[in-house]
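Let me begin by handing over the structure; questions about it come next.
Letters A, B, C and D mark the chains as written, and numbering starts fresh at 1 in each.
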Amino acid sequence: MKKVRIGIIGAGRIGKIHADNLLRNPQVEIVAVSDLYAGPELESWAAARNISLVTKDSNELIHHSDIDAIFICSSTDTHVPLISQAARAGKHIFCEKPISMEITQTQSAIDEVNKAGVKLQIGFNRRFDHNFKRVQEVVQSGGIGDPHIIKITSRDPNPPPIEYVKVSGGIFMDMMIHDFDMARFVSGSEVEEVYAVGNVLINPDFAQHCDVDTAVVTLRFANGALGVIDNSRQAVYGYDQRVEVFGNKGSVVVANDHPNTAVISTADSIVSDKPLHFFLERYQAAYVEETHMFIDAILNDKAVPVSGDDGVQAERIALAAKLSSRLGRPVKVSEALELLTQTSLS
Amino acid sequence: MKKVRIGIIGAGRIGKIHADNLLRNPQVEIVAVSDLYAGPELESWAAARNISLVTKDSNELIHHSDIDAIFICSSTDTHVPLISQAARAGKHIFCEKPISMEITQTQSAIDEVNKAGVKLQIGFNRRFDHNFKRVQEVVQSGGIGDPHIIKITSRDPNPPPIEYVKVSGGIFMDMMIHDFDMARFVSGSEVEEVYAVGNVLINPDFAQHCDVDTAVVTLRFANGALGVIDNSRQAVYGYDQRVEVFGNKGSVVVANDHPNTAVISTADSIVSDKPLHFFLERYQAAYVEETHMFIDAILNDKAVPVSGDDGVQAERIALAAKLSSRLGRPVKVSEALELLTQTSLS
Amino acid sequence: MKKVRIGIIGAGRIGKIHADNLLRNPQVEIVAVSDLYAGPELESWAAARNISLVTKDSNELIHHSDIDAIFICSSTDTHVPLISQAARAGKHIFCEKPISMEITQTQSAIDEVNKAGVKLQIGFNRRFDHNFKRVQEVVQSGGIGDPHIIKITSRDPNPPPIEYVKVSGGIFMDMMIHDFDMARFVSGSEVEEVYAVGNVLINPDFAQHCDVDTAVVTLRFANGALGVIDNSRQAVYGYDQRVEVFGNKGSVVVANDHPNTAVISTADSIVSDKPLHFFLERYQAAYVEETHMFIDAILNDKAVPVSGDDGVQAERIALAAKLSSRLGRPVKVSEALELLTQTSLS
Amino acid sequence: MKKVRIGIIGAGRIGKIHADNLLRNPQVEIVAVSDLYAGPELESWAAARNISLVTKDSNELIHHSDIDAIFICSSTDTHVPLISQAARAGKHIFCEKPISMEITQTQSAIDEVNKAGVKLQIGFNRRFDHNFKRVQEVVQSGGIGDPHIIKITSRDPNPPPIEYVKVSGGIFMDMMIHDFDMARFVSGSEVEEVYAVGNVLINPDFAQHCDVDTAVVTLRFANGALGVIDNSRQAVYGYDQRVEVFGNKGSVVVANDHPNTAVISTADSIVSDKPLHFFLERYQAAYVEETHMFIDAILNDKAVPVSGDDGVQAERIALAAKLSSRLGRPVKVSEALELLTQTSLS
């Protein structure tokens, strides 16, 4: 049995999750981990997992002869240079989303990957969720006919720290980008036009950083379907992640996952437990699955399930939504880049 | 359009409900109502409904030449003589359940009905409930194959007044009799043996009147199926009425009805409203339907949907359950009557 | 007990439904019914209900001295003149929606009503639905805090006949107008701006009459909330009517009603029955309730639950949506009338 | 960090599952595995997991100085001698259920464990299921008050091979024993009396081995509660595992788990996917949890969550049920052993 030898760049929360998930795969060996703040704690973490090399220098991993593939789990601003370097070094790449905040740079990194002929998978983990995967299967198999209306609800249990908001690129780029990818995934069609409305209803601090905390975006798809995504940064009842696709032969709807099926009936009411808390709980199995499919794509030379172009498309839609929200009018995805040069987006 | 002319004996709650339901049927005319306590209030009630005759004497109705059918809604101890008299007078009869507390008397009333060739329908209203009717249809159409296990849950929101308990015949006769009929209805088979366990867990007063407030009864059906019914006289969350039939090709399960489908999610929990309060709310449409089918049976000379024999069978099972509970052993339905003569059931 | 004496103008399907519902109210007497096509059939229908006067001339009803209130159930183009005449004759008025296709005319009718001091209720029956009423109660009582996102799904089981499409005013005016009213009802706020996207995905005939069969509309509310409504003229699985309101303290969601709660599990799948077929089945109780509240408002001099102004507001939003769809840009409700004079809407 | 060093006796399906689950616990080292049929395949399996010792002789494990705890996953007839030997060797023990078919032998093994002062945990994995654990928490915390009625449904997707039926001890001992343990777990009370009815409805072969394939058992608990368990060896729609506890303050009900929440609505019906297939899928997380708690009990000297006595009690109830089924009468759990000596149970 051949093993894929992995180097992980960025040992924050998501880097560590990927590492532990990869270690459950007998066809994986983690050779090295790099982090700008590597120290005794990370060394102890690595030792417990038989990861022999711990370094502050990502270059050591990229140019390591015993490494086949790189997981890029560092901050978004490092993605483009790291993808380019890894591609030039002939390594396969798994990169967290978004690739970058600037589509031209994102595209340049993809070009490097294509030139090098390595594999690049983007971390749109929700495609691997048991519920959303089932929606996509039903739609793709014709179970609901031609899609007419796509509805996506995506609400976080708590707003991110304001420090994050400053650099995140805003709700369309940091949060709804997942839903733009989901819209493409379940509809099997490209988004052509968006209209975004947003508001600051939870915390006025979002306004200070030119962001909103509540947003509704209308979508027009190439196949004629219409769509809508709603986001809130704070659903007090927990993580709310639902998708509905309606077509000429029926509809498919998925609900939230809950920690158990218990229904408690009392003299007051009928009660059940809140949904699984947040993305780590809800997408636990999806995170495992996405790394397994990346390893499988490498070992068996298959196409990766989420390509670099998928990353580009989601960013283009997010940009169009951001512009639409600022300009107060519908924006075609195809005109977003040009519009951007005429507009000052903070 | 021919009309069925009705006389109602007993103007308590259920008598009045039947009257109002009948008045919604254009093929019905209510000619008279009798009640031992008839007075100004009942006269005013009748006047508002254009019911011309109000009397204390049920005989006036039974022998009224303009009355085709009698609804017997008076107390249980009057059912047998009234059925016999009405039958001999050539009237069709709708009688509330149970026909009586003594099967031999019940049977004698049925014999009179058969001799007279009139129609007799028993008020097992639950057979007309949208949920239970659907269960029966699915089973009868072979949707779940041969029934193997039948489960019936039936719990009241509040215990009856203790005055009622004294004369009701006990939980098996006054409450579970509905479920025994339901067991026959949904299984399409006769009950051959029962084993009843009961306990006093809600109110010690039940013990004083040789009754229980909580009971579980195991059933053996003629077709080999097994069943179980559970009753409680007090479900604090409301009226709980569910049925499940499991067979070799699948299962059919019905849940409670609720006043609305609202699900309210808050920081604490996910909440919905309690089930429809009690039998008047839950079986509102079923009460209408049972009277419509009785009228239809008369006008079009069809078989009634719940026969006198259905009343007898349910009473036989109830008696066997009562004996089983007292004797602490399984009792065959066929041996119940004989056992009764050897046993002193208070 | 005083009775309200009613005259019904227009004896089509909805007129007859209102009549039968009114007849279940002991405080109502139906004195007369008028219909352009009155004939033996209508006379027989009226006779069976003890309605003594049947006429082709609506004026006979409007000027009848024994009539207190008029139900206007005739075609939309007759609503404005009939409201004005009935108001001037001092009759209370129940009018089906929409009042008219032209807001200025609608407003002029409302002005007549206000001048006359009679009551006018508009037939937005869905406000009386058990589910939507519960949503409104929860929102109004603060159960979910301040509303942030309102989502309304409304899909018909089958498209209307093309003859209807020609004169209906289009999907925003004939179908989504109910949802615009619902949006105001459950949010407790006015709609300030809409953006409408539509498409012809079901039947190309809609395009020939400048209409769409699938539409998604984004809403901005005065209180800052955002909303979205989706409509389809053909949901093959049946009538789909759902509402969700999300706020800073939680959410409330209502699902469809089904004819029963049966869940059938087989070797293939887990199956339940489709939702209640269409508006007559789904809103049966709501139709009863709206007439009861109208009668109650008259007898006890209360405010009607759906005012003429509610009718005007829904029409204004529908007009803005229609304009938005044609112009391809967001339209403020306040600018719709002015825009209309600059735009040729077929 | 101290590690618990494990030896696994019996490398069939369940032994291998426990091994892989244990390997996910950083506080565990698996030192050895024994199996009567150990060969190259097992050696290769062990090598991939860094398990250095593979042997046919369980004694090597029991007397291995580097082993702290033994997992007994071999056939039921070996449990008693292995427990006794491991206890005398001072090893902690995890043993699959049932301990044995003969309660006196089971008790003798427990006595050895108690004398040795080692820990013994029985593999009633369902106690660790997210749903059933929640039921127990709600009951124990008083959420539904005093339990009055306990209902357990447990149906397998397919019958076991007939070879298994010959030696399994019958449905009450091989299948319902899990439910007897569940009854004790969720009620917090001991079972005092049972009445069992059974039938052969699926496959006549069961009758040939004096077994049934369908069974319903009524329970009386020491705290006065009543209960019922139903078992079927073949639910064509999949693994059916549900529990309900009803008390004087309310009820708690848990439903099956499904692979996703998708609901597909078409012109025919509303469909969802069948439940998780069988115990490996449904109890995957529960199997992990039970081993983690065993390791935790050893490392931190806590009580094990399922004791040897829990094993004994479940066996006693199973025996009483088997006797009840044969004798056709209720059997007290306390009289089962004595009855057994008077009865010939094949």
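In this text, a contact is a pair of C-beta atoms (placed from the backbone, for glycine too) under 8 Å apart; a residue touches a chain by one contact, two chains touch by 3 or more.
These numbers were taken from a predicted model, which means no experiment stands behind them.
Of all residue numbers used at the contact between chain C and chain D, over half are used by both chains, marking a mostly same-residue interface. Taking the mean Cα position of each chain as its centre, C sits at the greatest distance from chain D. Chain geometry summary: the mean Cα position of chain B and that of chain D are 42 Å apart.
In this assembly, the C-alpha centroid of chain C lies 59 Å from the C-alpha centroid of chain D. Averaged C-alpha coordinates put the centre of chain A at 41 Å from the centre of chain D. Each of the following residues of chain C touches two or more other chains: 235-237, 249-251, 265-267, 273.
Across the interface of their complex, chain B is touched by residues 146, 148-149, 151, 153, 155, 195, 197-199, 201-202, 214-216, 218, 220, 224-228, 230, 232, 234-237, 240, 246, 248-251, 328-330 of chain D.
Chain D makes touch with chain A in their complex at residues 24, 26, 48, 130-131, 133-135, 138, 143-144, 249-257, 259-267, 273.
Those residues of chain A lying in contact with chain B across their complex are 235-238, 265-267, 269-274.
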